[in-house]
Every structure is written in C-alpha cells, then in structure tokens.
Amino acid sequence: MQTKHENRSGEGNKTMNTEEKAPLAYNVEQLNLWYADNHALQDISMEIPEKSVTAIIGPSGCGKSTFIKTLNRMTEMNPIVKTNGSIKYRENEIFAKDFSVEYLRTKVGMVFQNPNPFPKSIYENVIYGPKIHGIKDKKTLDEIVEKSLKKAAIWDETKDRLKENAFGLSGGQQQRLCIARCLAIEPDIILMDEPTSALDPISTLKIEELIQELKKDYTIVIVTHNMQQAARISDNTAFFLNGVIVEYDQTDKIFSSPAKKETEDYISGRFG
Amino acid sequence: MKFADTTVSNERYEENTQRLSKRHIWNKAFKGICFGAMAFSILMLIVLLIRILTQGIGFLSWDLIVNFASRNAEDAGMLAALAGTIWLMVVAAPLSFVLGVGTAVYMEEYAPVNRFTKLLQTNISNLAGVPSVVFGLLGLTIFNRLLGLGASVLAGGLTLSLLVLPIIVVASREAINAVPTDVKQASYAMGATKWQTIFRIVIPTSLPGILTGTILALSRAIGETAPILVIGALTYVASTPSDLFSNFTAMPVQIYDWTGRPQEEFQNIAAAGIIIILLMLFFMNSIAVFIRTKFQKRF
Amino acid sequence: MEDRSKLSISERIEQKTKGSGSSSFMEKLMPAVFLLCAIISILTTLGIVFTLLFETVTFFRGVPFADFFASTEWYPFFSEPQYGIWPLVNGTLLVAGIAMMVAIPFGLGAAIYLSEYASEKVRKTVKPVLEVLAGIPTIVYGFFALTFVTPILRAVIPGLDVFNALSPGIIIGVMIIPMIASLSEDAMSSVPNSIREGAFALGATRMEVTVKVVLPAALSGVIASFVLGISRAIGETMIVSVAGGASPGMGIDPTGAVQTMTAYIVQVVKGDAGFGTPIYYSIYAVGMTLFVFTLAMNLLAHYISRRFREDY
Amino acid sequence: GGGGEEPGGSEESSGGEGSGEESSGQEGGSGDIAIDGSSTVFPIMEAVSEEFQKENEDIEAPVGVSGSGGGFERFIEGETDLNNASREISEEEQEALEEEEIEYTELTMAYDGITVAVNPENDFVDQLTYDQLEQIYSDDSDAETWSDINEEWPDEELDLYAPGTDSGTHDYFVENVLGGADLTRNASTSEDDNTLVNGVAGSESALGFFGYSYYSENEDDLKAVPVTDDDEEAVEPSPETINDESYPLARPLFTYFKNSSVEDDEDVEEYVRFANENAGELAEEVGYAAAPDSVYEENEEKIDEAAGE
Amino acid sequence: MQTKHENRSGEGNKTMNTEEKAPLAYNVEQLNLWYADNHALQDISMEIPEKSVTAIIGPSGCGKSTFIKTLNRMTEMNPIVKTNGSIKYRENEIFAKDFSVEYLRTKVGMVFQNPNPFPKSIYENVIYGPKIHGIKDKKTLDEIVEKSLKKAAIWDETKDRLKENAFGLSGGQQQRLCIARCLAIEPDIILMDEPTSALDPISTLKIEELIQELKKDYTIVIVTHNMQQAARISDNTAFFLNGVIVEYDQTDKIFSSPAKKETEDYISGRFG
C-alpha cells in the first residue's frame, strides 16, 4: 500500500510545516528527558495542532511512550526522571511552578496500551473522574455515564450491565470503556499509547473508527507500532528514533515521500 | 570453517533406552519423594486432629461455652476465656489493622528511597521474627508496669496487636504491591491526587488481600499463649470483661491451666477446649480463603 | 439548578477544583498519618530493645558479665547460682537443629511438589490446609508432643526420657513445615515459566528441570525461608516448655531433657522467683540473648534474599 | 511454718470504719477483689472464689497465677488485695512491703503433703528416711543406683523426677529435706506435675515427689512411699496424716491479705472470712488437706484484728 | 519491497507444493488442538522439508505459537490441552505411547520469543543440555561450549566472560546464547517462536544472519509477526488464520502472488 515511495521532495522538520496554521494544543520546545543517565528524549521540539490526530511512530525503545507521558507529566512520578525544556499546553507552561498537574491531567486524558479499567463496576469506572473532581449529583452522573459511553461507542453493549464489574468485558470493550472513562471529564486532549496493540483486529477497527469520530471534538495524540494504522488514522506523523524526532510532517508526506533515509527504511520495513 | 570439525558426534545424544529409562525412574522417584513430603505434613495434621477429636469430642457441650471455670470438671466451662479472647481481638484487630495498613501504604506509596525507608523495611521484617515471648516481656514492662495498665484486656490487646503488626504489614504490602501500576496510572491520568488514588483505587483493590492477611495474623494471635502468660493474664475469672481495664483470661491460658490439673477429666475438658479454639481458627481461615477466592481480582 | 445544568461538565469540574481546599489538606495530612503508623513499628522495636536492655543492665549489676558468657553452667536456683547462658543456648540450638532436620526436607519436598508437580487444584487446596497446620496454637502442639509423640518415641527408642529434645524438636519441625513450604513455593513459582520451558525444550525431565534450574534460580528465596524457619524454631516457646523439660545442660544428646531460652522465661514467669531477685532480671538477659539470636537470623535471611536474588 | 509477723498495728485504730463504708459504697455491688499468686494454692482459691461468687453474685473475685514470687511482686506494688503463696514470705519481700508501707496478714489456708512416689512395680522400697532422701536428691551426694542407698536394693540406676526448680514444692523440699543443699542435676524437672506423674508411672526404677493431689488422682499408677524425718515409724500421706501434721512433709499453704483492703472494703473482708471458713473443706475437695481447726480459729482472730473489730 | 504482487497463479495448498521432494523433517496430518473448549488448531496438515527455513505467519492469536509448541510436545504440559491427529518426526509418530518426549525435545531444539537463559553463568547455560544427557567430561564440555557459541555467533563477545551470569548480557546476546544452548545438544530441528520480537533492529539483523547460516545444517521452523522478516529469511511460508492454515507455499509465491484473498489482505497490511 503506502509503502511505495518515489518522491523524496517533502523535507521534514522538527516543527512541522503545516499548511494552514491551526491553533496549537501543545507547543514543545527543546524538551530533554533522562532516565538516570539514559538520555531518552533529546531536544524534542514539536507543535501539535488542535482537533487533529497526531501519530508518533518509531521502533521499540525510541522514546514514544516517554514523550507522550511527558505531555501530561506522568513521567515525573518516576523519581529517576530528570526533564528540561518547555512544554506549553494552550500557551501555559506545564512545568511552571504554579501550574497544577491535576488540572493538566484533567484537561489531558490518557488511554494506555493495555486496557486498565478499575476493578469496579462499569458505572463506577466512568464516574470515577467526575467524582474525584467533586461532582456528586446522581442525576448528573447518570447523564455523564450515558453520554460518555455513547461517545466511546460502547453504550449499546453495556447499558444493561452497568453495575457489572468492568473485568467481565472483552479486551476491546475494556479499551473503549477506558476511553469513555477519559471522556467523562470532558478533556481537551486525549493521549493514546498504543491503544490497540493488545486488541484483536475487529476491536482495533472499532477503536480506529472511534478515533476518527473523536477527532471532531478532541485533539488526539497517538503512539503506534503499526505503520498502517498511523497511515490510516492520523493527520500528522512524527517519526522518533533513539530519542530524537527524525521527521515530523503530514502523514501523507511521511508515507509517500519521507525526507529522511531512516524514515524510509523504517516504514518500508527494512528494520524494526 | 567452524562447523566442519564435528568433534562431538551426534550419536552421543542418541541415548540408549537404558539411560533414558533410568532418568525416567529418577524422575518418578523424585516426584514420589516430594509427594511423600507433602503427604507427611498433611498426615501429621490429620493425626493431630484425630487425636484431639477422639479425646475431646465426648466432652464438648453447651456448658463448656456458657459456664465459667470451675473446680468440678463437669461444671467447667470457658465462657470467661472465650469472652477474654474476643475482647483481645476487639482491641487488637482494629489497632493492628489500621497501623498495619497505614504502615504498608506509607512504605508502598509514600516512602522515598532513603535510609529511613530501608531501616523501616529491615525493622519490620525483623519484628516479624521476634519470638512472641519477647513481645510478652515488652507488654509486661511497658503496658503493665510503665503505663500502669496491669494485666488488663487493654494491655493484652496492645501486646497482641504489636505482635501481629509486622505480619499484617507484610501481607498488606504484598496486596498493595499487587495493584497494577496501570490502574494507578489511570487514576493519576484523570487528574486524581495521590490521596484520592490511594483511597479510591489502591486500598479498595488491595482490600481482599489485606483482609486475608489480617485474619490469618489474628488467627495466629488467638492461639498465642506465651505472651499472654507473661503479661500475667488471670486464670480464674467468673465474669466476662466489662471494659478495657478489666482483668481477663484467654482460651489458650485456660487450656494450659486445665492440662496441668491432676484430674484426668480436666485433660479431656482441655481437649474439648482445643476443639473449640480449632473451630474458631477454621472459621477464621475459611473466611480468609473465602475472601481470597471470591474477591481477589486477577489482573 | 437550571443555571448549573447549562454548564458543561468540564466547566463544572473547573469550578469545583478551584474551591477545593480539603483535598489538598488530606494530601498533606495523610502522609503524616501513615508515617506515624510506620514509626510505631520502629518504636516497638526500640521498646523491645530498651525494655530488655534496661533490665539486663540491672541483671549484670548483680551477675558478672564474664559469668554469663564464660560459664557453661546454668543453675539460677542453686544456693550458689550459676548464670552461664550457654546451656540454654545449647538447648535452644539442639531443639532448633532437630526441628530443621524435619522441616527442611519435608518443607522443601512439599514446596517442590506443589510448585512443580501438583495441579492448580491440588495447590489451591493444599496451601490453605498447610496454613491451618501453621495456625494451630503451639500449646496444642506442645501437648501433642508430650502425650502422643513422646510415648510413641519411647516405645521405639528405649533410652528416651519423658522430657527430651527429640519430641518437641520434631513437632516444632512439623509446625514449621508449612512456613518453609509456602515461602519456598513462592520463591519457586516466581521463577518464570520461560526458564522452565527453556530446560524442557532441551529434553530435560521434570526432575532435572527442578533440581538443576528451578531450585538454583530460587535458591535465595528458599534459603531465606530456611533461615526464617530456624528463627521461628529458636523463638518457639510453649512446645518446649511443655515437652522439653527444664534441665539446662551442655549435652547434644536429644534423648535427654533440655531447657531452651524461651522455656526458661516461661518457667520463671510462671514460677516462684521473688521480685527484684537476680532470677527475675535474668529473664530479661535471656530475652535479650534470644532477641539478638533471632535478629541475627532475620538479618541473615534478609541479606541472603537481597544478595542472591536473581532478577529475571 | 510459723505465723506471720504482725506489723505494728498503728493504722488499725485510725478510724477505718467510716472510710471502709465509704469505699465499699463507692464500689457499689460490683466490687472487684484482686487475688494473685501461687499456682499451688490456685485450685483452692479458685474453689473459694467459685463458691463465694455463687453467694455474692455482684462481687467479682478473679484469681491469677503469677507464682508465689510474681504474686508478691504485684502485692508489693499494691495491685492485689490477696496474695497466695506456697511458701512463707521472704525477708526481701517483707522489707519491700515495709518500704511501701503496706501492712499485711498471713493466713494458713490448707496443707499440702509433698508426696514421694515410686512405680507400683517397685516392691523393694517400703519407706524412706529424710537421710535417704537427702542421699538421693542432694547434688552433693554421689548416689547413682538404688543399691547405693540401701545395699539390699537392686543395682539399678535411679531415675529421678522433681518439680521445676522455680516452684514452692521444690523450695520446701530443698529447705526441709536437703537442709538447703541443691537438688541434684540428674533429676528430670518439669513445671507440670502431671508429667512427673507420667514419668514415675512409666519407669520401674523411678522416684519422684510432687503435690499430694497429683498422687491422689493417680493412685492406681503410683505407689506413695511412707516417709520419716527421724527414725520413728514412717507415715504414709493421706488427708488425715497431713491434717494432723503427723506426715512430715506436710507443708502449709498461705494467703496474705492487705490489711487496708480488709479494713476499707467490706467485700474483701467478706471474702477473706468466707475463704477462712471454707478453705479446709474446699482444699480436700481439690486434693489437698485441711489445716487443723485451731489454725482457722487463729486466722479468724487475725482477720478481726485487721478489720479493726 | 516484497509486498508488491502482480501474479496470483501459484495456488497454495495445505500441504505445500515443493518442487523437488526433499526428505521430510516433519509430517503433520490432521492435527487438532483444544485449549479446553477453544479449538485453537483445526485440521492442520503440513509437511516440513529438512534443511530449510519454514516461516509461520498470521495475526495474533491465530495459533502460531500453539502449533510450533506442539511440534516438540511442549503444549502437553498444559493440562487443559487436548490434541488429536498425527505428527511424524522423521517418520516416527511423536504422539505414540512409547515415543519418549525427552528424546523428541533433544532432537528438536526450541528458541523462545523472549530470551530465557537460565540464571547461571554463560558456560553453565550452554552445558546444561549436554550435562543432563550424561556428558560429564570437562574437556568435551569446554569444546561444546566453544563450538556452540561460535555457531551462534556470540563467541567473540562472551569468550572472556564465560563464568559471568547470563543475565548480564544484552537482550540480543541472550537470545543468541539461547540459540547456542540449543545447538549444544546438536539438534536436528530448531523451532523458533518470534525469536527477534523482543530485540532491537541490530540484534534482529544478527539473528537473521545466523538463521541463514544455520539453515545449512539444521531444519528451522520460525514463527514471526514480521512479514518482512519472513520474506527475507524463509524458504517456505505458512499463513495461519484462526487456527487454520490458509496458505502454505514457497515464500516467494506467498509474497508475490498469494492464492487467497486473506493472505493478500494480511501481507499488504490491511489487517493485523
């Protein structure tokens, strides 16, 4: 499919050449991150436009997960991590002293590689977020549950078993539940770290459709191993290698005419 | 070049059936030995139970539960001891539970990696190995004497709660540790604070494991004789404790007393008393097993 | 109400989070509360150490230090009392040694069977049953040893005394089997299956896999379980009090009566020793010795499982 | 055993009546009497408490077993009202009580006969003198076989049993039979007299001593040996011979009460009087012997005196 | 690369149409396998020629691992597995009653997805197999170690640290050590279950080269997720889907002109 490439003209930059300048959801500048002595992210600069799907690809260990986790400051829970540089979420520096990490994470939802519902009922999974943020009214919560599950395209499958434990769902359903859980607090951005890698092809398809749908309202950043998936669903793609952004451009360009030899090698399957 | 000279011939591994069958026999014998070891342990349990049952079952009676101790074996009962043991548990259980879970949460979720944490860790595993009789000496000196609690339910309960504390800490840490990072991260990723995550996710998820550990620890405390003897529990009480400062006796102490009596009938009553204490233990163990199988989530 | 429902969830969340001071209060309070819990465990240890130390010092005011460690006679009740700790240590180690000779082979065998041979179902039933065995009050074991095991042993071994080291030793061993079995089983089952598969794929029999791969891989955990077992055997009180007699001595003959450190403490606590006498303080000195012993054992177990732990 | 010292009775007259009523009034009907001490005396006091509480349902009289020594410790600390002892109070303990300004009274409650017993199969021993017992049990003696004691007896090794070295029975034996010499290290000792019984019952060359009740409950398995402290006729232990003190190893069992408790608290006074009236009978019931009547009469006077009547 | 395909003439069969009839290493007939009620392998029939590389590809969960494990009867260790059908290893029925499973596994080596060295020294890892099979002579063992490590192309990296613990090696080195361990008993066949999926690109390359080398002396069956890898290294390829062999043919044919629509969809990345 897209693995053919004849044209190498499109030169990729660290900050992408978007044709029309959309408002930015994120503006990352000169981000560096170390796990103890391991320099896992090196001088990452990247602008992420809102209401779009940005895919992050690259071989295992290149820093994809680390990068996406840094966007909502989940990396800082690991005491060995040191970070410098700047990440602006909607113009606000997230590393600023008075910037609340809980606020950031409320605005920036996250979906993980393996579905990780709480060991509670489906209902409670969804209302977890609203509840911790102080919403207690039963009726509002009911509405949130219905709305979020509907948005995550899992309402029909679960509406009759809301009180059942979320562990009874299949992997794909669990993953959609996790997305619903994340939608329940109406975030602005959704980060997804290989959200389909643990799923079967049919569930994967459903999630991909869902992402296309969500993109209308949310900004989505997705890490994926699967180049076909990146090609299918994303607007822009960043190719990471050994902690560095090799190329960041519109997805079409990356897959049809990568600027860099490494990108071409990677997407044509010569390694990885 | 490197493959050419085949010094080790392939035939070497064409084992003659003899060698192979020898290995099979060894394998079987080994399995048998290991099975024997396990069976022996269970056999001992069965022999012990049969021995106690045959001696004591004829002497089990309602009187044994509702009567106080008496010089006459026919009238003797263990109501005071039963109540004393329950009181001890009422003091020890919540205290050791709260302290144990608190410590475990601190160690698993808050403790920074430093010397204090290491000390704490070593300290707790050491505490778990301190003989119970030494805890008795601690209780005697600190609670009975220094704090002036005397041989009261409170002193006994405090002593026992310190005794089981390390066991509960270890079990709780394991349970908390088993909560997948995934799930915790999901909570943080929703903007939950640390306390919210602990209170709403970590503790509820690990609760079955914590409860199981606590029940097993307490069931050990029920049978502890030495520390209770050391802190000076009474032997004859014809009343149930009325408050934390009451004197008390406990089941193992009562049994110990009966077995020391000259009259044969008391030996039998003691066996019947052991049956009651074992029933209590079985009951507690089954609750623990029930919780474990029923509520423990598999991740 | 009307007003509020017009707000979107995210707006409402923002409103709520602005006014919430309580959660940050909990954020500050709870770590302190938990830390306090943790400190209590340290205080307990300090409490034990100080209690023992304080009275031990009093003891050594009356009894020379050298006697305690140099003499091999423990006769505190004699007209010229002798306070050499070694007979009690000897009795303790003798009983613990016998216990371990029972507990290690049987415990390890049971662990191997459960971890490597037994089906999931057997494992799931046997482990709780063994836990029951471990939970039986030691006083019950004590009388079992005295009234059941000793008579049987006496029928087999003619020279066996009524009180002897053998019977309580064996029974303590039996009591410790579940602990060793369970801890070793844990260590062995945490050896990843992939390593086992690697060995099977080379044509190894199950025994060869177990003995040559799984056991060495789990060795630190297994040995740590032995050491913890020893520490438990050393600290066991009621079984030896009931069935071991009260004759401190230096012999290693298991057919004769002994006295262990723990049994001595119980003897004095239950006995007639007057207040303020050296005998009274001696239980703290003995308790201190006991504490040091088990502490050493536990540190050793800790060290072993740290030092030799394999990271898979 | 002689009567207890009567510490100067200065406090007795200090108007105890009024305060006594007050304090018993405060404690209402649910008074608690604190009793602790000897394990030997325990069965008697347990029986006393059991009977006493049948008559006085709202008064609790639990009994602890801390041993005579441990009991005195608590008595000195002022924690207990009564302390049971299987020996007389020691000098150190007296001094300590004086220091704490606690006045007390000693009551003899009953007699125990330390019984020397052999295996029923043993047909050669028909009596033992104190001298022989000393030869057998003293740590200074080198007797190893029965024939070392009496040439007519078989050349079999002595298999000796004795109560735990920390018990009143042991102390009394050492004090009165061995003249203070230490007990031989060859004896098997145990805190549990039942196991001594088992030991003697199980070995033909065994000899042991323990409280009378352990003998009387196991008469079929044991043979009590008559004992004499001089060369007169040896006496076999029985409730009668113990009671009339003709059995030489009869020893008194005591309880000590705090004078101020009896003075101030009617419940305690009632209990002590009750104990004195019933101890003899109850002692026999649990396997000991009653003391001579004169002892109880003497006790009553002491109680009257302490109660300030 | 090979993902282009113009020609669909080569019709795949369940038993492959090999042009020259090489001696068979394995002959699988009507193999069925259940995990309890899950029919994981359905009527698998497949001939595996000796001294060749046979690749097994297919989406996750299709039964690749199950199949390859059945070839040396590793599946039977799971009590819930039921099997029927026939597998002949060099004319011998491996399910026959008197056929020794230890013998089978001695002849058929296996390399797993994640490197699984024993927690022992490098030296002891290699001699484990020879030792359990009764070789005790120190000199012979030394020779075996050298030869096996050389064959596995890891001798140079390890010759000075043979006594060190194998866990100190990198992932790729560990995997080659596992291959050496397997070569030490001079097997006839080597089964590999995604041997490179846990490795970085450079290690992967080394292993692939090694496989090419080993093929001269051994019969190799390799499971892989990576179609490029299958194309690069294998002679024949079987495509599994939901427990069934969809197509089994020469690798060139499979990748250039698959006979089945599913095969084409899969290798062109339309699902999986």
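Letters A, B, C, D and E mark the chains as written, and numbering starts fresh at 1 in each.
One rule holds in what follows: a contact is a pair of C-beta atoms (placed from the backbone, for glycine too) under 8 Å apart; a residue touches a chain by one contact, two chains touch by 3 or more.
Not measured: the values here are computed from a predicted model.
Q: Hey, what chains does chain A share as contacts with chain C?
A: B, E
Q: Based on CA centres, what chain would you say lies at the far end from chain A?
A: Result for the farthest chain: D.
Q: What are the two chains with the top count of C-beta contact pairs?
A: Per-pair contact counts point to B-C as the maximum.
Q: So, what's the distance in Å between the C-alpha centres of chain E and chain B?
A: Chain centroid spacing, chain B to chain E, equals 48 Å.
Q: Taking each chain's centre as the mean of its CA atoms, how far is chain C from chain D in angstrom?
A: Those two chain centres are 38 Å apart.
Q: List the centre-to-centre spacing of chain B and chain C in whole Å, with centres computed as mean CA coordinates.
A: The computed centroid separation for chain B versus chain C comes out at 12 Å.
Q: Just curious, how far off is chain E from chain A if you go by their C-alpha centres, in Å?
A: 36
Q: Using the touch definition from the top, which residues of chain E touch two or more other chains?
A: Residues 102-103, 106-107, 132-133, 185.
Q: Among the residues of chain C, pick out those that touch two or more other chains and give their numbers.
A: 205, 208, 241-242, 266, 269-270
Q: Hunt down the residues of chain D that sit against at least two other chains at once, touch-wise.
A: 39, 65-66, 70, 192
Q: Among all the chains shown, which pairs meet the touch rule set out at the top?
A: Applying the touch rule to all chain pairs gives A-B, A-C, A-E, B-C, B-D, B-E, C-D, C-E.
Q: Using the touch rule from the top, collect the residues of chain C that touch chain E in their complex.
A: Interface residues on chain C, with respect to chain E: 119-120, 192, 194-195, 197-205, 208, 212-213, 216-217, 310-312.
Q: Across the complex, what residues on chain A touch chain E?
A: 1, 3-4, 59-61, 200-201, 204-205, 227-228, 268-272
Q: If you look only at chain B, which of its residues touch chain D in the complex?
A: 68-71, 150-151, 232-239, 247, 249, 257, 259-264, 267
Q: For the complex, give me every residue of chain A touching chain C.
A: 102-103, 106-107, 130, 133-135, 140, 144, 184-188
Q: Where on chain B is chain E touching in the complex?
A: It is residues 2-3, 7-8, 10, 12-13, 15, 19-20, 23-24 of chain B that touch chain E.
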